[in-house]
Amino acid sequence: MNLDIVGRNILRIDALSKVTGKALYPEDIFMDNMVYGKTLRSKVPHAYIRIDTGKAEKIDGVIKVLTHKDVPNNEHGVIFKDHEVFCSEKVRRIGDPIAFVVAKNKKICELALKEILIEYEEIEEVFCPIKAMKEDSPKVHGDTNIVYHYKIRKGDVEEGFKNSYAIAENIYRTHMVDHAFLQPEAGISFIDEEGRVTVMVATQYPHYDREEIASALELSEEKVRIINTNIGGAFGGREDISLQIHLALAAKVLNRPIKAIYSREESFIAHAKRHSMIMKYKTGADRDGKLLAMEAEIVGDTGAYASWATNVLRKSGVHATGPYFIPNVKVDSIAVYTNNPFAGAMRGFGATQVPIAHEQQMDILAEKLGIDPIAIRMKNIFKQGSITATGQVLTDSVPLDRCIEKVAEKIDFSLEREEAY
Amino acid sequence: MKKRGRGIGLSFYGTGYGNGFPDASKAKVKLLKDGKVGIYVGGTEVGQGAKTVLSQIGSETLKLPLDKIIFISEDTSLMPDSGTAAASRQTYNTGNAIKIACENFKNRLREAAREQLKLNAIHGLTVEKGEIYLEFFPQKRISFKELSKIYGDDNIEAEGEFIAQTIEMDPETGQGAPYWPYTFNACGVELEVDTITGLVEIERAVFAQDVGRAINPHLVEGQMDGGFAMALGYVLFEDLKLEKGKIYNNKFSKYLIPTAMDMIQIENIIVEEPEYTAPFGAKGIGEPVMIPVGPAILNAIYDAIGVRITELPVTPERLIKAIEEDGKKKEEI
Amino acid sequence: MQAYRGKTIEEVIQLLAKYKGKVIAGGTDLIIDLRNGKLTSDTLIDISSIEELRRVEEYDETINIGAATTFTQIIENPLFQENLYGLKRACNTVGSPQIRNKGTIGGNIANGSPAADSIPPLLCLDSIIVLESIKGKREIGLEDYYKDNISIKEDELIISVQFKKPDKGQILSFAKLGLRKALAISRLSIATLLELDENNKVKTIKIASGSLGRYPMREPIVEEFLLGRELTVDVTDKAVKVLQQVMGERLGGRSTLPYKRIAVERIFKEALGDGLKRLKGVEIW
Amino acid sequence: MVEIKLKVNGKSYILEIEEDMRLLDLLREKLGLLGVKEGCSEGECGACTVIMDGKVVNSCLVMAFQAEGSSITTIEGLEKEGEIHPIQQAFIEVGAVQCGYCTPGMILSAKALLDKNPNPTEEEIREGISGNLCRCTGYNKIIQAVEKGKGV
């Protein structure tokens, strides 16, 4: 292929504006007649609430206190509409948004937040996903906490383990983490010259934001406009709605520009986390190190809201084998609600957690069989034409063997080397 | 004692929303008034380099220098939906959409050129460097600029849509073709574990990443370095201290991400093997670059000290505890 | 809020007498506390531009570090490159370049944090804090300040921290355990001041710890154990056990104890080993 | 309100400011220098780094009134006669920029380092930028950019 520009180290087209500090992020935008907004969030993980905004509304400089009563359609969510724009009756996690204060400046916003009275009637919480799966556990939404159950049933794992010479069994646990992008959430909303509710925000998916805002405000999508500014990192943390609907609603109600900027602390409780997972693995191989069977039960804690839980746990399930051909596979990958911070997309999206398990399983088997970690992998890896656990044929571009060889050329993993455990 | 260990981690990663969910990217290409070309897509620049890479794909398809391309991806009132900047799908999905839109746009240009040059047909017309000309009679040529003068802004345009091919999985057996394409990688690390403090020091890392084809190698390396650092934080440092639903480490003085002093030079190796359904063979790597690093570190820790750490994060405290418990277990035996 | 920028010590103590305000120098802790609401104050009095407070002075017998002297100033001062190197090293582990450029030694003292990096070396030097108010000057031992929880009165200003210059043969060392290599709050730290006699026996030993108790403190039992002994591997191992015993009693029941008790060995040996290395040019651990 | 005099990017200002304003707020809101970013408000991330009297500081941890009489350089002050600074150029050329949020502070830390130590080792560069967090790049391209900016 004769390529002129593909494959070349073209300088980033946004680099100049970024090295000179001219690149604008949402908090860098100032408009005439602009006021500020700030979110009141739940302080408890599970409770029925009663909201009294009366006192806050009387504070000089407070323009409006928005609550669920002001939202035409008070629901959103990337897959299930299980988030409320503002909690109406129940909070399900610490950090759930309850109200949005609009005031002349940030200080008055802070002051008003303190004057909104929330009566919490606390209810039993559940933080452990295993416990949450039980029938008698407190329910976060509806009548079950199980959001999703993905299964792979391929071959006969019992038979596979019976024929295995070495078996590794372990439970692996990964934790919730934060994207920690450098630019905390911020946005500014206004009504543009064509009457559209416009939100300038740093988002991964502007058209999705437009859809959610239109739905919540019961407007047609043409009446909503998203302008993406520069974005200070995302890594999956800017997929769910954070302040977009709050800002849009405020602009629509007040017909003037409103700006909101999250502090770092608020950013931590506002956006999704990486799913923590409990991964119970059993992997069997024959005497030569050929994998014969794998069984995995993966439980992912999606916290108080589903966000991408179905897709994340599906991705975990599909990738549970690792890049290896295994004839007999049984996977159960389950997403569960709890009263923890909600989990959603983060770099790797469920496929980042499972290798913590399957790659250690490979090394455990290698040790049991007395072969080195490269050898056991080379025996089992996907190659062109391999069939995955879901029955998909990898027809093209499967250079995993080359990747391994490149690494093994530089680092010696053989068992004969000094210091090998 | 300080003990050294080596570990390897592999991973594969399926691109896109997956599972038969319509994973569509749209792109629009327009001839602008000064002969420049506008590419309009909803693909977001989050820092990964989407604007640059997608512009390169447009530039390559149109055989038009980058400075003649205006890339617009900010305003929903101007650009079509190109899906989310996630699932490592922008290079592959939106890249394909741009390529298709640019091919369609070239045909629109050829049509216009045929009319203006009074030709019988469009075949044999080459589009290159801002001109359309007849290969076997190059005197017959017309520039983008001239066309834009004749047709005005906004009149020559084309769209392109790419929908990834995936198949929904069976709910009982999980059989199906959920993602496409798949990306592969391997990471090896060498590290030192201080068995007294529980601190882990990465000494060396070799990272090989399949990219199909690298549209922009520097940007790929930047992703690999960044993915490594994020994985390092994931496995060794980052802890929300979540207790009863409350995040106690809710600020950067407590939630520790790696600093420049915690990172090392990574020996990055880009492995190319073009993927036939991808734009110029390029696969997305934004997410894969973080995945094999964690397990490589964990395997290296085991290689160093002979203790399996099965719970993240491997804080010094947890590591020391694991060593202690392992010691007790071995004593009992 | 009122804000004053003090130009002289005299002016500041007058302001303090009048307003009982909060003194701000580097601001690296204070501004965070103000933001978090951990501290409220109607009056801030800035001392960061008072030259007298921003310098290190060497006298015949003593060294005087002005309270508003930044960590960077200490790191760059030639006085702390030789046997007082441990103080430089401690200051160098504070936060980041930005924090070291602003954060001050007086701030480290006033803040009272158990993890303040500069304190253990100063404790080894038997430092004294000099305070001044309109009522006059007052000196308190740095060790007593922590141990006896002596509070700095609202109208008092920390002027300086002073210590006797150690002999050339006395080496100040410092080691710290942080969870990452920069911007790390110390999990635990040890400073030592070491001198050997002609028979390689410990002639002088002062040991101070950070984050092994509610405040930074001297470790007299360990000092006593080491005094007069030769620093063999065995003796040092025993000293570690003594320290572990002492901290065990002190931190009993704390969830962080089991880890710190083990990890302290590395940090203690690192500090002591550094002293020995610089005295004798040998590494024993 | 108090009145302060200071120099920012070579220009002298006399400003009326609120007592509880931070230097960060002054630079962003009073002077419109939006290249100064706020990422954590506690001196950890370094996005608000500026050079104050030759030294890098976190402008979120300096009260505005403390800046009286000082000379401040922000990212906006590096351009001279329409030409960007060689370190900025180096950041562009080696690909040291991703999301860009840490970039202004990072460049200022790099500049302050090179002003003081024109030929730093890799270790010294890592230390020099250790007060500036970056979540995107893994720092290595930034180190490379500083290496490239040496001696120019």
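Of note:
Per-chain residue numbering starts at 1, and chain names A, B, C and D are given in the order in which the chains are listed.
We take it that contacts are C-beta pairs under 8 Å (C-beta built on N, C-alpha and C of every residue); 3 or more make two chains touch, one makes a residue touch a chain.
Computed from a predicted structure; not experimentally measured.
Set against the C-alpha centre of chain C, every other chain centre is closer than that of B. Centroids of chain B and chain C (each the mean of its C-alpha atoms) stand 48 Å apart.
Each chain gets one centre point, the mean of its Cα atoms, and the points for chain A and chain B are 17 Å apart. A separation of 43 Å divides the Cα centre of chain A from that of chain C. Chain C and chain D, compared by their mean Cα positions, are separated by 29 Å.
With touch defined as above, residues shared between interfaces to two or more other chains in chain C number as follows: 96, 181-183. Within chain D, residues 39-42, 44-45, 95, 98-101, 127, 130, 132-136 each touch two or more of the remaining chains. Within chain B, contacts with two or more other chains are made by residues 46-47, 49, 218-219, 227, 230, 251-253, 257-261. Chain pairs that touch one another are A-B, A-D, B-C, B-D, C-D. Chain D meets chain C in the complex at residues 2, 18-20, 22, 41-44, 46, 49, 52, 55-58, 60-63, 65-66, 68-69, 109, 112-113, 127-128, 130-133.
Those residues of chain C that touch chain B in the complex are listed here as 96, 177, 179-185, 187, 256, 258-259, 262-263, 265-267.
Of all the residues in chain C, the ones that touch chain D in their complex are 1-3, 5, 24, 26-28, 31-32, 34-35, 44, 46, 48-49, 72, 95-99, 101-102, 181-183. The touching residues of chain B, counted against chain C in their complex, run 194, 196-199, 237, 253, 256, 258-262, 315-317, 320-321, 324.
The residues of chain A lying in touch with chain D in their complex are 9, 11-12, 14-25, 27-28, 179-184, 230-235, 263-264.
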